[in-house]
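These notes open a run of structures that come right after.
The two complexes that follow have subunit A in common; it is paired with subunit B in the first and with subunit C in the second.
Take a look at the complex of A and B:
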């Protein structure tokens, strides 16, 4: 699977306003809604569900990355929004370090395999330090889109 | 004396596959043991103690995995991981979070 198959580049937030976890989740869900990827009526429910999931167990995987996610019946396909923070967010990450890159993933209820493929793709790339560094150095949403499309074209870069 | 090596084949039996929460449970248990643990889906071999690597397997319902442990407590580790994956099915078989 490629990033361009599930990332909504229009919803990228190159500099997240908040450094609080819940507010960051609200920013990213709202951005997906504004980009037309989520139904207005589902927005509040999705925000609550993502926060609830995060309270149960952090998706802060370490190395400055968090992958908050939830399955919701209102989406037909896996959709993601990317947010970046230069100050760092407390996500109660496994390694207790602040999070600089947040990938919010909303998946349909009935396609668990596609959700796993999206996760696989994200970690395949983010395991590589150079990509984490490139992403953190991106200055705007266009930079992030260019980088991810380049990785899509040439995953072994 | 050589290192103890144990290997076992398991099948992912929970409906949603090895998504993040089950992957974390797997890694949590793997890290309770001193032995090296690797997991393979036939295509790739990953470190059983790394959450990101386990996620790389994208193991769906029905996927067969090989778990290999090397070290003094290898047998104990294999038993615990098999119990998690096949008997307990990651505790909560059909919920997704």
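Take a look at the complex of A and C:
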């Protein structure tokens, strides 16, 4: 699976407004909704579900990255939004370090395999230090889109 | 009964004993195709036997080829049939056969050697011809040579599965896949040229309870298919063509050994408690579901390490979730409510899967293996986790992730586990939501960051085999450096101590599941370092229990303290040996 198969580039937020976890989740879910990827009616429910899940166990996986995700019946396919923060967000990450990169993933309920394929892809590239560095250096949504499309074509940069 | 063979000299080879027990059986040589056949002489009286072997080999090869040829579809594989026809013509050629039998008679050599010599000369002659068509025929000759040698040296690997008589398997090296397919009922012993104490062949042999000796260097050049072979898995000795006296001696020794085992079995129902009353939990490591029975038989209190790779290694196709589930459920049910620690796939390096043939890596042990491989193959990982979770309600199941090298890997693995749990919720399948999740500590990086890892895990299990290999940078299967592989290296012992201390601080369980815990010499030190749970190969449980029951924790603490003050691997191992002998002379 490629990034361009599940990342909604129109919803990218190159500089997140907030530095608080819950607000960042709201920003990203709203952005997906604005981009037409989520039903307006589902927005609040999704925000609540993502936050609830984060409260149970943080998805901050170290190295400044968090992967909040949830399944929701209103989506037909896996959809993701990317947000970047230069000041850092407190995501209660495992290494207690602020998070600079948030990949929010909303997956359909009846297709768990698709979700895992997206996760596998994210795991693979986030392992590359180069990729993390480039991503943090990108200045706007276009830079991020370029980088992800490049990764799709050449997974090892 | 050995009338044809009495003239053959007995040969004794020394190797490394890796799986206890004694077997006396006819040899079967497997995977011997690319052998250089050494020149071996025979007594004149044996010429007729060797000539008969040649005749049989030719007849069997002809029969095999005819069968293979008939199986080929006419339209598509006309070429293959043509090749077979050429081979058949050569095999039926009386002058070729005569050349070989003449060599046996004139030079008094074995059938294998004669076949190899004549056919290789023949092939060399072909290759030297300038005409490409003719020179390419050399390959056909080599093919025929291999086919004949296969007939002479024993049967092919596939036929190991269909065995109907007891054999001792002799090979240059066995892959874990090959060993996993062995039927214990017929494979009575294993002896290989290569390998080391902790190679996977050794581990599998041990867990199946088949006596095995490895690192015999040139054994395959000495043994012929059908020779009588004694494999002494206690002393690391292999005797080829034993004389009558030796055979009798070994038959006696073998029954004495069984008696001793029997005696040790008597303590199986007794708890593993030190003389001063400290309770030690002793679990068994298993490879296959049916070994669970052996663990209980030997007095184990549960499964401390359920290796699950067999699902991949012993089946020709990728296992389905149902196959996973059945394998886990059977074991968990069998153990009732005793703990079963299921380790997720530790594939890669020397253990490969079917559909996921790994791209060859320059350093497989430092490459995409174990948990790393799982995190990049989430569908496979999910199938396993899904099945483990489903089985979790049947008893006391724990999950263990192998080869964790950093916190991020642990978090990724746990993240996927949680995702799979949510899938089960959506599917309304019940499971144990509070299943304990632990990790193996088998890399120096994990040992050094144990205090961090301890925050997000319910238990540690120290896998000493890999921990030693990665700490000392020694490939345990490489005979050239395997002597550097040592459990008593101060670096290894300090790392183990660190892990135990960090686990105690974080108040999580810590156990040792590597080979180290089944070495009688090391038990006192491990207890002295603070280990209270061990998981070992089932046949060793009674012996280790007996040692535990003979020591006091105070003795063990003293041993550990002394060891920590020592700087040389050699001093430590000789000190540990003498300490253990003082406590329990009869075990050694």
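Here is the rule we go by: the second predicted complex is superposed on the first by the 157 of 157 C-alpha atoms of A that agree within 3 Å, B and C clash if a C-alpha of one lies under 4 Å from a C-alpha of the other, contacts with A are read in each partner's own complex, and residues count from 1 in each chain.
The criterion applied here is as follows: a contact is a pair of C-beta atoms (placed from the backbone, for glycine too) under 8 Å apart; a residue touches a chain by one contact, two chains touch by 3 or more.
From a predicted model like this one, the values you see are computed outputs, not experimental measurements.
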Clash-or-fit label for the pair subunit B, subunit C on subunit A: clash
Touching partner for A:59 - first (subunit B), second (subunit C), both, neither: both
Contacts of A:67 with subunit B and subunit C, given as first, second, both or neither: both
Touching partner for A:119 - first (subunit B), second (subunit C), both, neither: both
Superposition clash, subunit C versus subunit B, among 183-191, 363-371 or 471-479: 363-371
Common interface residues of subunit A - those touching subunit B in one complex and subunit C in the other: 57, 59, 61-63, 67, 69, 71, 94, 109, 112-113, 115-117, 119-120, 123-124
Interfacial residue positions of subunit C with respect to subunit A in the complex: 375-379, 382, 406-408, 411-412, 414-416, 418-420, 422-423, 426, 455-456
Residue ranges of subunit B touching subunit A (in the complex, touch as defined): 15-21, 24, 51-53, 55-61, 96-97
Interface residues, subunit A side, partner subunit C - complex: 57, 59, 61-63, 67, 69, 71, 94-95, 109-110, 112-113, 115-117, 119-120, 123-124
Interfacial residue positions of subunit A with respect to subunit B in the complex: 53, 56-57, 59, 61-63, 67, 69-71, 94, 109, 112-113, 115-117, 119-120, 122-124, 126-127
